[in-house]
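Both complexes below contain chain A, partnered by chain B and then by chain C.
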Partner chain A sequence: MKRVNFKLHKQAKPPRGETSRGSNAAARRKDFLRSMCFLGPSVLGVIVFFVVPFIVVIYYSLVTNGTSPSFAGLDNFVSLLKNGAFQLAAGNTLKFSAVAVPLAVILPIVLALMLEARIPLKSQFRTFFLSPIMVPVASVVLIWQVIFNYNGTLNAFLSNFGVDKIDWLKSDLSLWVVTVLFLWKNLGYNMILFMSGLANIPRELLEVADVEGASPWYSFFAIKMRYLSPTILFVAILSMINSFKVFREVYLLTGDHPPEGVYMLQHYMNNMFNSMDYQKLSSAAIIIALFMIVLIAILFKVEDRFGKDVEG
Partner chain B sequence: MAGLTIKNVKKIYDNQVLAVAEFSIDIADKEFIVLVGPSGCGKSTALRMIAGLEEITDGELYIDGQYMNDVEPKDRDISMVFQNYALFPHMTVYDNIAFGLKRRKVPKNEIDEKVREVAEILQISELLQRKPKALSGGQRQRVAIGRAIVRNPKVYLMDEPLSNLDAKLRNQMRAELKKLHKRMNTTFIYVTHDQTEAMTLGDRIVVMKKGYIQQIGTPHEVFDHPRNLFVASFIGTPQMNFIDVTLELVNGTPQAKVMGAEIPLEMSMDIGLMQGEQRKAVLGIRPEYVEPGTMDGITVKIIMQELMGSTVQMHLVLGDTEIIAVVPVSDAEALPAAGELKVSLPADRIQLFDPDSKLNYEIIYGEKEDPLAHLQMPQEADEA
Partner chain C sequence: MKKNRYFGRFAVFVLCLVFAVAFLLPTVLTITNSFMTEAEINSNYGTVFNSSKSNSYQSEKVNLKFIPDKVTGSQYINGLVRSPEYLIKFWNSVFLTLPIVLFQVAIASLAAYGFTRWRGKIRALIFFFYVILMLMPYQVTLVPNYLVSKWMHIFDTRWAIVLPGTFAPFSVFLLTKFMRRIPYSLIEAAKIEGAGEWYIFTRICLPQCRAALYSIVILVFIDYWNMVEQPLILLNDPEKQPLSVFLSTINQGEIGLAFAMATVYMIPSLLLFLHGEEYLVEGIAHQGSVKG
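Take a look at the complex of A and B:
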């Protein structure tokens, strides 16, 4: 028995001295080349479609406009930050994110907890919340237009209760309309993420808590939330990125120049692109990217503190 | 400190799977009860119903005389130890042990006192500030046990608490659990699939199979008077030898015939036969009771010998049935290593089983009444 073991050991890991250093290096080089064959296409793709464009964006943000660009320092950023349209777009987007992201995290948790409990029609509910993912936005916008139009369904419905007509998309409530749209589209996916997160909580821990006299609230906040924290982080980042990019829905609802209340960063960037103002476009892109990086870093730090013991 | 009465408790899952059928037992105060059986026998489900983690489909559960079916787990005054420890990874050992007391709003200084006392008992005092990640399997299990005993509940429930430990540690912890039971002087209900644990720990053992109780008895009763073939084969390692025999009365004396040889049975044994009648039966005898190398007896062929340390397991063939004899090394040296050999089967150690009902002849023809007579496992469930 011992002998066999020894042989196996030998095959798996040759003792030092049996292979010379040179052949070791050669093997490593071969390994590298082989792995590059697999990685190459992806690396190339990332360079061509992400790295190079990003460098180009940085370049554009640092030079002046015109046919013979010269170095402009941070002028582009300064003029961008002073630009009224940008301020409006950034303000709207931040306002929107501040409302939509927490909701996009909290509501799916509630839904996931609800669907985790033993309730009738569970799978029907799940399908109901998931269906918006499968529906292309462009095809539903028509329905949203019908609902939120000045002479639309919602107003007709509310008039039954004596509520005056509201021009939803042009009023102060327009941001809320967009929030509802955003949630409608994103809830299901986030809910599925939380459901899988909940399913990963060791059942025994919740049972111990049950036996030892922990209240449901305690179990939820002290145990479930802790185990959900990586999912919360992921969902929060995802929702934040999505909320910064919220555009499609508003664009389809209201076109290039929507009412002030729903003029988002992406509209601004789209319009800058259309008017060929690459300087503003690039600067805005960089500011958004930096902002996101800082936010995500903070989230990671928080999650690291909160969830460090429950992972792996 | 409380007795339990469990009456016809049943568990049928939503998908109509029967997990526990007609589970009934009276558990005395301070008793150590072990539920044992192969996986899927319903032992864990039974325990979880006692804990309140699983709803009772039918039947009644009383703890200390109080009806408990609909009482929340936390109000049953029980504690539970799980197989995989179920420690809170983000809490220190101290906080894990103190968990139940804190949730019950016990004053801080009292918690501190109790936690330190329990840590002392379990020899984990120096680990109190560590987190579970930094503990070994055995240490984690001690913490889990600590969390269970610190509240001093009426009943301890343990679901395979030693299964995740390695063999050596398991033996050690087993002995400690036994000591702990003496010290706590409380009712323990312990689930395991390991018949050695069941034999060594239990005051009484409940053997289960496919949701049905097969036998309830002391380790001695279960070992020497198994109620049916399943219990006989499940309890004891190496397992009991089974030999197909034909029973008949020879001059009024019951005898078992196999391959032309005659095995005398106890004179007093009632096998329910008249002179001249014959019946097929399964003869069971424990390997420890087989006596190889006797002057007269049945001739068997030796296949091989396995040295187990202080004993030798002799693998023998009787006709076409393989049987095992366990003999002390000193005796084995005198026996041939190959070839043929005579073995005798002591009449007072022989158990007979009915091949159809699988029941022990003691149950069928004995004077004692079968306490589980009403609980006949359906044939098709048995064979499925």
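Take a look at the complex of A and C:
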């Protein structure tokens, strides 16, 4: 295996005074101009492709549809929230995330801990667990079809035990099927994050705990979990975003008209794009953005509480 | 006591084996199935994909098989030589993904240097905004992208996907985290020697980040090679779709072909993965927390 030499040094900040020597306004302006030479292209692109159009999105969400738009207040949001298709899509997506995200945090911790044990073939196992991330969803979708189809392998297997055939993606269990596909794809990535989190726990601390006779459970919950808490936060946010991408699997499996149980937010957005309903699109985008921001803020607060004394 | 410990390790090993099989199986099956003849595919999966040709044999139950009865490359020849539409879609994917990877990494290395070299309230604020933007799902960013593509008259062209991808903040975030680990004394020393900013950037910062750059290239490539949402909305013309979308619309009579093309589509990311796994792992690991 190749070893990669990443230069790991303590974070080196330019000293504060360096960037703005004293309070010299001219030097400060010069620094600003220089930094903008490097930041410029990126900042400009972000403004053109994300910021400006998003302001227009906000505008669309606040005006009525038609040739002479007038101020509509929150009417667009209200009608969106009352819309049956949106409720179905948002409900399914939330239900899915509520199941998939916790699993996508807990299972990788288990995998990472398993790979800490002294077992043979460790690095091979890591490679195997990680391998799904390089497989495009479109490539494995055929196999998922074969497994979960009404006439598929899973039903054939279960029928040996006298279980009746069901059409998995149309059944009540469809969200669970999608969860399995999601976990298959994402566990390895999250596991790597936890492995590096575990590697950063000071060894002495664990050794002391061991010498003092702490049980493995105690050292897991009192030490490891505390040090992992920033990683848990990150994995939770990442999995949340990824759980919105599960549309890919569903779309590639079921096409434009999915069964109701797996009708996701992105399906709804696609339909609105097709009917060019700017009002619904804009209000939906804003609601999802606000939801993500609030959720991330909450997660940050929780993590602040829990992991306070191990950072810095 | 000791026996117990050995038993524990054995149990963990077995569990790892089970997981390994579960993680590898779908990929391996896709690859092995791509070497089957169309007839064999039909007899195995006919009931699933309903591609019944009246007189050919179909088994009642589906038959998920590892080893082809007869190994053949005919599906590949069909897909790559006889019906060029797959090849066209494959190149569509390449021409969408490669520019995004190149441009995004180029723009990001400039920006990361800007964020590393100078600190200040405004720049901290911009960086914070980048992180928020990075955390937004497609359902949020696709609406702005759609509007811009209409204004610029690039809707239904490659650029509608490439340009927003170029300025996506993910690489900026990750590369800044890497660059901030370069010892400041290196930059300081160069400055005392009278080196300009461009010199410091190209001769000191970038070489130090070579491994990081490679890992970011892999991550960005995998992400965009797999794209589905953007082409569905920003490209109307079915001819322009990348293979990642097109594979799902494959005709029912061509399942064998689909397996072959699915395998072909895996190859670029598979090669990157096998070659750069250590870099990939380091890249993922260094995302660490969003806070740092």
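Just so we're on the same page, the second predicted complex is superposed on the first by the 287 of 312 C-alpha atoms of A that agree within 3 Å, B and C clash if a C-alpha of one lies under 4 Å from a C-alpha of the other, contacts with A are read in each partner's own complex, and residues count from 1 in each chain.
Just so it is clear, contacts are C-beta pairs under 8 Å (C-beta built on N, C-alpha and C of every residue); 3 or more make two chains touch, one makes a residue touch a chain.
Note that the coordinates shown come from a computational prediction; the quantities given were computed from them, not determined experimentally.
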Combined model on chain A: chain C and chain B, fit or clash: fit
Touching partner for A:Ala214 - first (chain B), second (chain C), both, neither: first
Which of chain B and chain C A:Leu228 touches, first, second, both or neither: neither
Chain B versus chain C as contact partner of A:Pro202, first or second or both or neither: first
Touched partner set for A:Ala236, first chain B, second chain C, both or neither: neither
More chain A residues in contact - chain B or chain C: C
Which of chain B and chain C A:Pro136 touches, first, second, both or neither: second
Chain B versus chain C as contact partner of A:Leu169, first or second or both or neither: neither
Overlay on chain A, chain C to chain B nearest C-alpha distance, Å: 7
Residues of chain C defined as touching chain A within the complex: 8-9, 12-13, 15-16, 19-20, 22-24, 26-27, 29-30, 33, 45, 47-49, 61-62, 64, 107-108, 110-111, 113-115, 117-120, 122-123, 126, 130, 132-133, 135-148, 163-164, 166-167, 169, 172, 178, 180-185, 187, 197, 201, 208, 211-212, 222, 225-226, 228-229, 232-233, 243-245, 247-248, 255, 258-259, 262-263, 265-266, 269-270, 272-273, 277-282, 284-291
Chain B - residues contacting chain A, complex: 51-53, 72-74, 78-80, 82, 84, 86, 88-90, 99-100, 103-104, 131, 133, 147, 151
Residues of chain A that touch chain B when the two form their complex: 202, 204-205, 207-215, 218, 223, 226, 309-310
Residue numbers on chain A that touch chain C, as the complex places them: 1-9, 11-14, 16, 19-20, 31-32, 34-39, 41-43, 45-46, 48-50, 52-54, 56-57, 111, 114-115, 117-121, 124-147, 149, 151-153, 156, 184, 187-189, 192-193, 195-197, 230-231, 233-234, 237-238, 241, 244-245, 247-248, 251-253, 255, 265-266, 269-270, 273, 281-282, 284-285, 288-289, 292-293, 296, 300
